[in-house]
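In the two complexes that follow, chain A is the common piece, with chain B as its partner first and chain C second.
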Partner chain A sequence: MSPEENRQPLQSSLRVQELLYGLRISEVMTNKVFAVSKNCTMRDVRVIMRNNEISGVPVVDSKRVVGIVTMNDLMNALEEGRLDDCVVSWMSGEVQTLAEDMPLSFAISAFGKFSFRQFPVVNKANELTGILTFRNINHALIRELSRQLREMEQQNENPPEPDSLQFTKVYQLARYDFENGGKASSAIKKFLKLRRVPPKLVRRVAVAGYELEINLVAHSIGGMLSFDINDERVKISSHDRGPGIENVDDALTEGFSTANEWIRSQGFGAGMGLPNVKRVSDEFAIESAVGMGTMVQAVIYLTQEKDDENK
Partner chain B sequence: MKISDLASMEQFTCLQEKYEDIEIEAGYTSDLLSDVMGNAAENSVLITIQAHKNTVAVSSLAGVAAIIICNNRIAPEDMLAASAEEGIAVFQTSENQFKTSALVARHLDGRAAE
Partner chain C sequence: MELLRIAHALDAELICGPDDWESMQIETVFASDLMSDVLMSEREQMLLITSLSTEQSIRSAGIVGSEAVVIANHKTVTEGMIELAKEQDMTLLVTRHPKYEASVCIGRIMEPQ
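For the complex of A and B:
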């Protein structure tokens, strides 16, 4: 693949998307949170919403989110002349929260899945730490776009050498598209072979890339696979939009599989995909949330051969 | 044993002959492609009943040099086209995987299937 291809407009937009998907919710959310306690009234909520131009207020009990009052709830209370009611009477008690260390891609899935306009964000102790709206995501997108454009300008000024290992590429993969599953890994394998990367390392990259590619095709509703390569390492990231993994430990156990018969008939579903990726990687990380998606990152160092011959 | 040695055996019919006639160093028998991906050696022959394009993709990435399709399974056109593009030989046999593995192992000149 030529550097020119790497700078095609479509590919550049995919790169931005990948960067955006790489963000954490904590990097994008609003940290300044307006919340009310269970004892507050709907009138208090009205003042907060009006003064701060927001459309929803979480209700907290000892910093834990126990409900949310939306503009709709406020309008209903107003219509019935019950603004002095306690918020507990009007709030929605079943609140979908997001964890602040989740990838932003999970939040994008949540916005698609639920019709909420905002999500309270909580920390590991389940305490409210922020609010995430689509506006936050738009701002992050603009910020990342600007950064990407600056990078592209710099790249144009200093085009990489033909045999350079500097390379970034993002591939989109659709559910059950076994026809195209494998193309990305093949292309990366050829790229690395042409640059005389040792065959053992090329094979490890190919294994990790292909397994992640097939995971996206066979087990997700679609997503993206990115390769970020430099002289030091190959970083492979996969992000999908769901359905998420119920038990990550199970998924990392050789032989554990949730594949249906059709997937098995295609030769997949042996329950070795993620274990294979982990085995060939020098660094491996996985995050998953049911209903929102899965993110896997595998890093393979190019600077030295691993001692472990079995890799 | 070279790939052409497989072609000369009466048990095998060569379905795709655009390949470099390299020395086969090992064999691997499996119908699970992730298993092949994780364990098949470079320059090996894959013995399987998985007759489709994905088998070629996995073979190419794992460095498998030849594929033997057992039980007379039909190799579809797109599989043969992909294997021609990748330079991977494809053979067909009426034997099952067990008998084929034993036969190949005997011809690997001491390098039994790994």
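For the complex of A and C:
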């Protein structure tokens, strides 16, 4: 773990995290893609790169990505004076693509995992629809954060009441750190209890948060858990950097578990975690991609149940 | 039922608890070493019996609002566990009985007179 990750994150990182969840790759990528077909030459690629100031050109075969030619490949060809070769002989054939409906957070994981400077983006039919670079991500984040700042400035700044439920907090969780797994949920439980939220609701929030914490500690390589609370609801978001879930339906099946003996010896890993989160939540969403991470969002309403319990 | 009666029945040793722990009312008992199962519990005024003597047992019990935890098999209780229990005003007891026998003991005294 890097020193930055050890440090307690600022509340504002919740904003960024929300953005990374909320934005889809398709909203951030460059739509105008310069691609070449399999029978183009390296010379064609050089022209495209030079004229458009880009550093990677996907190679497509009837819209499907079959390779990518990077600046490196071009320089290698140039060095050997073989610019008239077909791109196929110089391109990298193993291309990592991203799906356009993935959340932006997955793309960031991919940039961290691979050393590529750009990723071709494909649609459900596996056709090339865009290209994603770090520059795209930076631009999108700056754009969205400025928009949010403007919104915040426009809002009247009412000081929060002491017993107000408005609260946001982000917790970092490290792999196998069972010692700290659960602290966040205990703190949130205390917060809600002090503000006289009905005990049954407090328990539901605590259970969902705790199961997600244990999941982060036991199954992920590390991640974040955030709580976003207002008078209406508690929104719990869990976001990890990997390894991702192969089959989400399996993970939601009671009793299905990939836990190892050690996790079981801690009293967990019975395959009830995610189903239990779903059970106690009013809204539940999960998204996962192997190698990129998993995000779970659980919402528990605070208003409706109050009436129910008064009946 | 008062927690003190249960403590007597189990010949249990008090590790920590709030001042009024003896008169604490226990309505249901849950015996498990599987915290995943504990977290599915919807019971009120619950006592957890477990032989999993870890901080996570105390945490899991706290998350579902359990009032008291009995550690079975006379397992060693760590400082961390005591601290966690105190933080949550939870009563922590230790018994030499294994989980099953402890459950039977409580079952006997809980039967209608």
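Everything that follows uses one rule, which is that the second predicted complex is superposed on the first by the 270 of 311 C-alpha atoms of A that agree within 3 Å, B and C clash if a C-alpha of one lies under 4 Å from a C-alpha of the other, contacts with A are read in each partner's own complex, and residues count from 1 in each chain.
Throughout what follows, contacts are C-beta pairs under 8 Å (C-beta built on N, C-alpha and C of every residue); 3 or more make two chains touch, one makes a residue touch a chain.
Not measured: the values here are computed from a predicted model.
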When the two structures are laid over each other on chain A, do chain B and chain C clash or fit? clash
Examine A:252 and indicate which partner it touches, taking first as chain B and second as chain C; both and neither are also allowed. neither
Could you look at A:207 and tell me whether it touches chain B, chain C, both or neither (first, second, both, neither)? both
For A:54, decide between first (touching chain B), second (touching chain C), both and neither. neither
Once the shared chain is lined up, is A:83 touching chain B (first), chain C (second), both, or neither of them? neither
Touching both chain B and chain C, residues of chain A: 178-179, 181-182, 185-186, 189, 199, 203, 206-207, 210-211, 214, 266-273, 276, 279
Would you tell me which residues of chain C are touching chain A in their complex? 33-40, 50, 52, 54-57, 59-60, 62-65, 80, 87-88
Interface with chain B, chain A side, in the complex: residues 178-179, 181-182, 185-186, 189, 199, 203, 206-207, 210-211, 214, 266-273, 275-276, 279
Interface with chain A, chain B side, in the complex: residues 31-35, 37-38, 42, 50, 52-55, 57-58, 60-63
Note: in the complex, chain A contacts chain C through residues 178-179, 181-182, 185-186, 189, 199, 202-203, 206-207, 210-211, 214, 266-273, 276, 279
